[in-house]
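Questions regarding the structure given below will be posed in turn.
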Amino acid sequence: MPCAYTFLGPEGTFTEAALLQVPGAAQAVRLPASNVNAALDKVRDGSADAAMVPIENSVEGGVTATLDAIATGPELRIIREVLVPISFVLAARPGVQLEDVRRVSTHGHAWAQCRLWMDQHILGAEYVPGSSTAAAALGLLDADCRYDAAICAPLVAREHAGLSVLAEDIGDNPGAVTRFILVSRPAPLPERTGADKTTVVVPLPEDRPGALMEILDQFASRGVNLSRIESRPTGQYLGHYFFSIDADGHAREARVADALAGLHRISPGTRFLGSYARADRHATPVPAHTSDAAFAAARTWVESVLAEESAAGESGSGASPKA
Amino acid sequence: MPCAYTFLGPEGTFTEAALLQVPGAAQAVRLPASNVNAALDKVRDGSADAAMVPIENSVEGGVTATLDAIATGPELRIIREVLVPISFVLAARPGVQLEDVRRVSTHGHAWAQCRLWMDQHILGAEYVPGSSTAAAALGLLDADCRYDAAICAPLVAREHAGLSVLAEDIGDNPGAVTRFILVSRPAPLPERTGADKTTVVVPLPEDRPGALMEILDQFASRGVNLSRIESRPTGQYLGHYFFSIDADGHAREARVADALAGLHRISPGTRFLGSYARADRHATPVPAHTSDAAFAAARTWVESVLAEESAAGESGSGASPKA
Amino acid sequence: MPCAYTFLGPEGTFTEAALLQVPGAAQAVRLPASNVNAALDKVRDGSADAAMVPIENSVEGGVTATLDAIATGPELRIIREVLVPISFVLAARPGVQLEDVRRVSTHGHAWAQCRLWMDQHILGAEYVPGSSTAAAALGLLDADCRYDAAICAPLVAREHAGLSVLAEDIGDNPGAVTRFILVSRPAPLPERTGADKTTVVVPLPEDRPGALMEILDQFASRGVNLSRIESRPTGQYLGHYFFSIDADGHAREARVADALAGLHRISPGTRFLGSYARADRHATPVPAHTSDAAFAAARTWVESVLAEESAAGESGSGASPKA
Amino acid sequence: MPCAYTFLGPEGTFTEAALLQVPGAAQAVRLPASNVNAALDKVRDGSADAAMVPIENSVEGGVTATLDAIATGPELRIIREVLVPISFVLAARPGVQLEDVRRVSTHGHAWAQCRLWMDQHILGAEYVPGSSTAAAALGLLDADCRYDAAICAPLVAREHAGLSVLAEDIGDNPGAVTRFILVSRPAPLPERTGADKTTVVVPLPEDRPGALMEILDQFASRGVNLSRIESRPTGQYLGHYFFSIDADGHAREARVADALAGLHRISPGTRFLGSYARADRHATPVPAHTSDAAFAAARTWVESVLAEESAAGESGSGASPKA
């Protein structure tokens, strides 16, 4: 089954490392994209079947470009999530010593995650913004490079003979992890695994105070836990938000489907972004009164109440009071 | 259409006055019953088609005999409600003067509603319990009656030549009203009128603190107002309750049906007692996001999400990423 | 310490049995009152120091006369609760056999609690309303008594030589229990015991839908469980209620005091009826974040925030930006 | 009153424009800082009295560097907010035409806000990351500048003779606005104005599902509206959050103070960041039952209940029942 992937490039970033975790991706076409919007556009226009993009980092938080890009435009679906531990190295050209380093380039998020190490090891380090960690590293190979070192993923530093590693594991949070999502055009939902997530985008209704609590209550009242919630501006005016939410469970579970219906009622612009297996495989506990069986029993009961024929009729009397 | 009614008797009570408000009841068979259980049993065994019984009084509160009797045993349905203003008279045998009255009989509820008047007009009045207001009045006609006067409905005092009225409108609350319900065996639901009530009985789940709030939230989160809520003991132990609830709306409205399903999930012993027109004809306002249209749109949306076919498939590529 | 008690009489009722459980009551003056209002009035006017009255029965539910009487008029305080197992006997005059019994008198609540036994053992039993179980029993001693037997407490049947017991334990619910309260004029609160109850009366605010949930939330949001909630009509019109509520905990606990303040804000007519030891001595578990310590820490923190002096000032600069 | 300000530099950014709106700032010392942390550190170490930093943009959302920097480290206070309409120009060296522009530098946020304009007006525009809009503009003056144009604030383009403006108002959202905060060391709270905001940081308690709803309920149950809520990772692990919240009202208002106490109980790590006048001067409506008067009345009532002396004592009897 031929398949083409795109990802937030360039090659050698953590995003490509995430993509390589997808079965078959190593053998498939992999097209780097220069930014998240470009990656998603390749999927939307059919030039790729799926895109791997980062959505959240345990230190830096949500990746706003991704949150915004999947919340608008033609609909897309998240079909898989991948977690990648984030480990940074300081790379330079061979021969450069740590004490020579003054100007350092990398992506802004990476810079933020290595700030303490920098403060401690490089006196007066100066930050040169880079468009990605890989681009910063590869820039060192340019003849007229204006900086001395780059913060990048171990992968890219190792793969290029022209680079040497001055220091490893320089991230301030040793357990840092980034979560990536694989995004496709709308497609049949992945199977339920018992350990799933559902992602939705819910615009905050403007006309009702307390609307955020109403939104959360759609999940809470059905025993559905949230693992992520982020507010993003709609861009219309300060204080006008949508919420990007990950909920435990799969849309084919009755309690999740019921919560989705509730969200749609409250906020008709609610967008479904997919149900997919959790990367950590933690099974979701389901209280008995929110199980599929409880929902089915409730529906059957209500239908029986509504469909009710006269017991008098059944018993043959035929006489029911006209009230 | 032949039809037999029963009611909480004897004849001449407020309950018969309520029954006479039902179209056709004046021409139908009307069987008095000695207590609420007896009346409902006549319906259950088919010897009557419907029973008129009191359920709540604006001064005395819920009629516990009725609340308990319809909450257990074979299922019944409320198909109509009737409001009757409650006005009491003091009746005696002809010739008896107000200053002669010392011992007064009536039903306990009636006594409670005339207590202030009694305190002001009959010094040292002694209460003689009666099984109903009508029974107390008719008892005056007995030769060996042990009391001097009875508190009863104007109707019964007027209809018996052997009784004279010593005082009218002796109730302490001039606006007192009693609400009666017409109860049948399970039958097709009365039509929606836009001004309906739905009555349910909800046992309080034992195993979860906060269950009462969960129950109320099933209504609140769907914009359904409650007009009555009463707790009744199940009889098992102190603190074990069920709740008898009147909600605005009809079970054929999506928001009410959805609330019923929620109640059944939380408390599977929930009993549906009927949807019927409000006696006061006050239409129920329905916020847009809880309208039938909003529920239908939400359901359609969720179904479209779940039924989703691959857009890739639709566009002929056939290649969707295997994730 | 001289003390006079009153109770819902006559002598020999379950209420007197409850009063006799109060330390010292057996030696004190005990004045029977003919009804709950009369008993409470004796306390209010100072002719008694405290009154014992029933408030709820595990089978019959709330005692509405008591719920209403303590909710209005000059303020009173509940200072103790007493639980009495309810066991009924069928009493008659010596020589009467069970098969002779046709007409039976007792209080309406007692009749309701023995109905099944009556249906099974006395064919076509006829109910004669009595003003109390004890009055019904003592009525048998009258020469012209019009009924054959009485349902009453074992106590009264045993104490009168003129009565014999035809059957014991005839109540339909063997575990039936009635809860009584000892009521005084406003007095210093009983000490905290760690297993306390607080009783309040909360009128439902008229102007806000969802007010009942707001009321319940005052308790829930502070981790305070409710053991009883009853709605009672205010008498003004159908659907106008107050709620009588028992909450776990003592008003001297910060979380309970805070909940009381919340109730008063929402419904300024809220009435405090007392904090007192639970009869069953079940200690109330208190989650850490609702402990007195947590409330005290929160208050201290807020005060420190509000009282804040300029850190600039403390460090001697004296220059804080004028904004 | 001598005062030194710092701000997120360099000079000519929107942040300096915000600072200049502060009365007196134009005449005061203004020290640019290279990043948000550096600006706040100048305040913390006393080398500046206050720092102006951006906190949120109507298009790009929260400024995560600021949200994180004020949530940790020695405590700071927000003492003022400033709103600045964001308008971008495209600047180049004199003589450069729009059709010559290929490589464009600016800050990432500014790039994101002008993307549509770029797509429409500059075919194949290439983005060169800059550390700020002003730095990108000034970089054009360097002899070896590697890009052709910069997106920057009108201010900086106008002030430098070496720059010409190729296009104005190139932002995709004409109404874009950025909100800045003036931050000082802990200081006496600014006066209540009736149109205030309070900012807090609330770590999500880990041990309780539904904790976010509990947090929101602290505001909702006291009628306090939120104008901003953002989740930020604590950095410890994916899914561990704190919330940065702006609430309507001043900490000296009883309902806000009470909500703060509630937050502290639920999440003792709650951090108060200040109460200050709203830049838009919109007065906050306060429902009667959440007014200062309602809180004071409730407190007085609870204290009276707790302090209660025996009414018996007052009436001189001295005999209260020992229960």
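Per-chain residue numbering starts at 1, and chain names A, B, C and D are given in the order in which the chains are listed.
Simple rule for what comes next: a contact is a pair of C-beta atoms (placed from the backbone, for glycine too) under 8 Å apart; a residue touches a chain by one contact, two chains touch by 3 or more.
Predicted model only: the values in this text are computed from it and were never measured.
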{"item": "Chain labels contacting subunit A and also subunit C", "value": "B, D"}
{"item": "Copy pair subunit C, subunit D: interface residue numbering same or different (half cut)", "value": "same"}
{"item": "Distance between the centres, which are taken as Cα means, of subunit D and subunit A, whole angstrom", "value": "26"}
{"item": "Centroid spacing, where centroids are CA-atom means, of subunit A and subunit B in whole angstrom", "value": "53"}
{"item": "Subunit B and subunit D: spacing of chain centres that average the CA atoms, whole Å", "value": "56"}
{"item": "Touching two or more other chains - residues of subunit B", "value": "217"}
{"item": "Residue ranges of subunit D touching subunit A (in the complex, touch as defined)", "value": "37, 56-61, 64-65, 83, 108, 112, 115, 127, 129-131, 173, 175-177, 179, 209-210, 212-213, 216-217, 220, 225-233, 235-240"}
{"item": "Complex interface listing, subunit B residues touching subunit A", "value": "1-5, 22-24, 46, 49-50, 77, 79-80, 182, 184-190, 205, 214, 217-218, 221, 251-252, 257, 260-262, 264-266, 268, 270, 272, 276, 289-290, 294-295, 297-299, 301-302, 305-306, 308-313, 315, 317, 319-323"}
